[in-house]
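Going by the order they are written in, the chains are A, B and C; count residues from 1 in each one.
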Amino acid sequence: MSFVDTSVAAINPRARRRRILRRRFMRRPLAVAGFLVAIAFVLAAILAPVIAPYSAGATDFNALLAHSSRHHLLGTDELGRDVFSRILWGARASIEAGVLATLLAMAVAVPIGIVAGYYRGWVDAAIARLTDVLLAFPFLIVAVGLAAILGPSLTNATIALGIGAAPALIRIARGEALALREEDYVRAAVANGASDLRIIARHVLPNMLSTLIVQATVAIPAAIIGEAVLSFLGLGVQPPTPSWGVMLSDAQSYLAQAPRLAIYPGIAIFLCSLSFNLLGDGLRDILDPRTTR
Amino acid sequence: MGGFLLRKAGAALVVVFLSSVVVFIGVRALPGDPALALGAENRDPAVLAAIRQAYGLDQPLPVQYVKWASRALRGDLGLDARQLPVGHTIITRIPITLELALLAVLIGVVIGILAGVIAAVRRGKLSDHAATTSALVGLSVPHFWLGLMMIIVFAVDLRWLPASGYVSFHEHPLSNLEHLLMPALVLGTGLSAVLMRQTRSAMLSSLTADYVRTARAKGLSERSVIAKHALRNSLITVTTVVGLQLGALISGAVITEQIFVIPGFGRLTLEAVNERDYTLLQGVVLVAATGYVVVNLLVDVVYSLLNPRIRVSGSNTP
Amino acid sequence: MSLLAVDGLSVRFDTDDGPVHAVDQLSFTLGESEVLGVVGESGCGKSVSFMSLLRLLPETATVEGSATFDGIDLLRASPARLRAIRGRKIAFVFQEPMTSLNPAFKIGNQIGEVLRRHLDLSRRDARRRTIELLELVRIPAPDQRVDEYPHQLSGGMRQRVMIAMAVACDPKILIADEPTTALDVTIQAGILDLMRDIRERLGTAIVLITHNLGVVADVADRVLVMYAGRKVEEAPVHELFARPQHPYTNGLLGAVPRPGAGRLREIPGRVPSLAELPVACAFAPRCPRADQLSRSQVPDLREVAPQHHVACFHPGPDAEAAA
């Protein structure tokens, strides 16, 4: 008697998984749209010097607070600066803050979270208490405090945003590490005498990657809005450097006269963070095994 | 339940203590000489020395901390740069922010939970898409910008509501609500978006839970399956989220009060930073952190009331 | 006349990765006070079939066919009508006693809920009756247990609570889906004993869904064997054990420990995925008797002895098992 199991085709499982994920992703038009718009914003930030019709500071005193026209797509502000160009230039600060703050948060949080979840015991207890303390300070208060200590600038705002985002990420990384530790393949690796570092690098980290990617796509828009808030409050990007938050702050004085000055930068922030959120939601849907059933 | 809450309260005390240390050190890390600020930029060394002595700034840091902390425990947060008691200033500002926050939480909880339940129950239908999309928009929209837009529409164009300012409830209840409506909506939007998503996902998982299938198999009406069996368990998860959102709420209050020129606790924080008023900043941040911890402790109480696994410790648990 | 007649039942799930055919053209009947054993490996569609009868499946499931109970088609009855039957005329005991009770409510509340819903009992009467029911399912100190939460009970106790809940309104049919699988062996016997007792005392017809033929031999009158969403064999319990026809049934019997039956055997291979409806005998890839015919055509059910049906081109007991 011989039995052949014909139901499983011999395909490389990783390639198969990638193909399934891509197919699932393509079936979510909102996620695809989010991905494309997010890419567009990143490109706008990188290419601003090339594609912006005017430089960020160029003033046109013949067109103060001008309405949109052929020369000025979205009109001009109170100093005659081209709003469309400034939005393109402003994307730089937003994307930079969003991406770097998230990377910083990850770099701080993931190792701490893994150590806490993997080793547990008093290390875990100490780290848990520490994140509790950090969480007790609302992010804006931390950012305000840091800006006050370090001085207001985009770099300092980014650091503040990164530190502000870290505690929540620590908790997530810890939870993942805690769960992965109990997986059979990790136990098997432990039983085979693999070193902790090797287990973490080979098994724990790669398996929490999809969760981390989803968290990153959600952290980026939060940091982008955070940058706008700090710049709006005068604690981030300093004028005359263009930033969406600074533009909104300037626009406050002209709400009745020229509301569009407050509308366009806001739409830019909204679209940018919406696109990342859509992407993040889509990724979560396709990567989270609980929602695939 | 007692054990659980005692443990939580103990942890909260530790967090408050550590927070106070962080605040104390953080404020001392601020650039500039506090004595200089306190002395209204008077650079006479004798005056500065006198100020240092008066404020205890010449003593070692641990001594300063113990003095500050023990006074703070008695409610005395010191005098700010204008020689006004910090504790009193904070107490006069807190009710304004508290009212704003309560209104915002009310809006957020009612809209968020309701929309979340409807979206989960009608999964994949139009109302689900509408609610999910609105939540995504609510999460992506910068709230301070939403505030500016509301001012343009409702205050500048339509002239329905005042653009800024604050009137206390005792003075004029209606005017008080008029002034707080837009800020509360702005502040509540983010919360309702977060709560909607959490409620929806908690409801989706409890709606597919085995015990909900049991409830259906019992012949219960869909309404009691949803409102009793599924929602009760979802609320357990949602409560913890409300606690975690408190930080965002305080952050939100800072900027909302700034935009709508409301003299609350959030604006006081910014004033303290902008004026480099150390004692004030120290007090404000300490109160914010303590408030956060206390509210989370209350959330834990609600959580334990909702969750029998904590309220009743099982004697026969295998 | 039979109590329940199911005809041409098919269930399909629409998933992200395409449709899955869980049940295909299943027909069977259940008589008054009869105990029907439904046997098959996990994933063969046995639980899904019975959940679909009370329309307890998620919305991604498409159910076709008919299920006549008490003169109405359960699959087409109005939701209100169906709810009047659920828990009142047809009751379910689920596989997972740990998760099938709501963790947020006292067990007394959860049993009482059925009584108040269907029998219109007052809160106090429901409580009194609940305690009686807990006694019926042999839970010690029922007047204390009634006020406890599920997490305070052991798995076996919880399954007894589920059974008490199911028999609360004295239903016509009790569908027990793997009621003992999640439990210790010693507790399993007690639960089966209880089911037998309930049939005798209340005259309830019982559908016992299990992957364990040994359980069926003890309790059932008639057995239905399912494989890959289809019925492959059906016979009275003694007939089935004496003269198993389908090679799959033979395989299952080989996996049941019986005195003097020699070594336990396992069925090699695994249950195929049900992404597409098979154009051949679904068991063929694992079947020692498979030939060209089995791989090119779906075998129909035919009667090989009175009341004994099998869907196989090469029926008959295994050579070694028969020896």
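We adopt the following convention: a residue touches a chain if its C-beta (ideal position, glycine included) is under 8 Å from a C-beta of that chain, and two chains touch if they have at least 3 such contacts.
These numbers were taken from a predicted model, which means no experiment stands behind them.
Asker: Count the touching C-beta pairs: is A-C or A-B ahead?
Answerer: A-B
Asker: Relative to subunit B, which chain's C-alpha centre is the most remote?
Answerer: The chain lying farthest from subunit B is C.
Asker: Centroid of subunit B to centroid of subunit C, CA atoms only: how many Å?
Answerer: Going by mean C-alpha positions, subunit B sits 52 Å from subunit C.
Asker: Using CA atom averages as chain centres, what separation in Å is found between subunit A and subunit C?
Answerer: Whole-Å distance between the two chain centres: 50.
Asker: What whole-Å value do you get for the distance between subunit A and subunit B if each is reduced to the mean of its CA atoms?
Answerer: For subunit A versus subunit B, the centre distance works out to 23 Å.
Asker: Please name which positions on subunit C make contact with subunit A in the complex.
Answerer: Residue positions touching the partner: 15-17, 268-270, 272-273, 285-286, 288.
Asker: Which part of subunit B faces subunit C closely enough to touch in the complex?
Answerer: Answer in residue numbers: 123-124, 208-222, 229, 232-233, 236, 306-309, 312, 314-318.
Asker: Which residues of subunit A touch subunit C in their complex?
Answerer: So the residues of subunit A touching subunit C come out as 1, 3-7, 20, 24, 27, 292-293.
Asker: Sort out for me which residues of subunit A touch subunit B in the complex.
Answerer: 129-130, 132-133, 135-141, 144-145, 147-149, 151, 168, 221, 225, 228-229, 232-233, 248, 251-252, 255-256, 259, 262-263, 265-266, 269-270, 273-274, 277-278, 281, 290
Asker: Which subunit C residues qualify as touching subunit B in the complex?
Answerer: These residues of subunit C touch subunit B: 51, 54, 56, 58-59, 79, 83-88, 91-92, 94, 96, 99-106, 113-114, 117-118, 148-149, 151-155, 162, 165.
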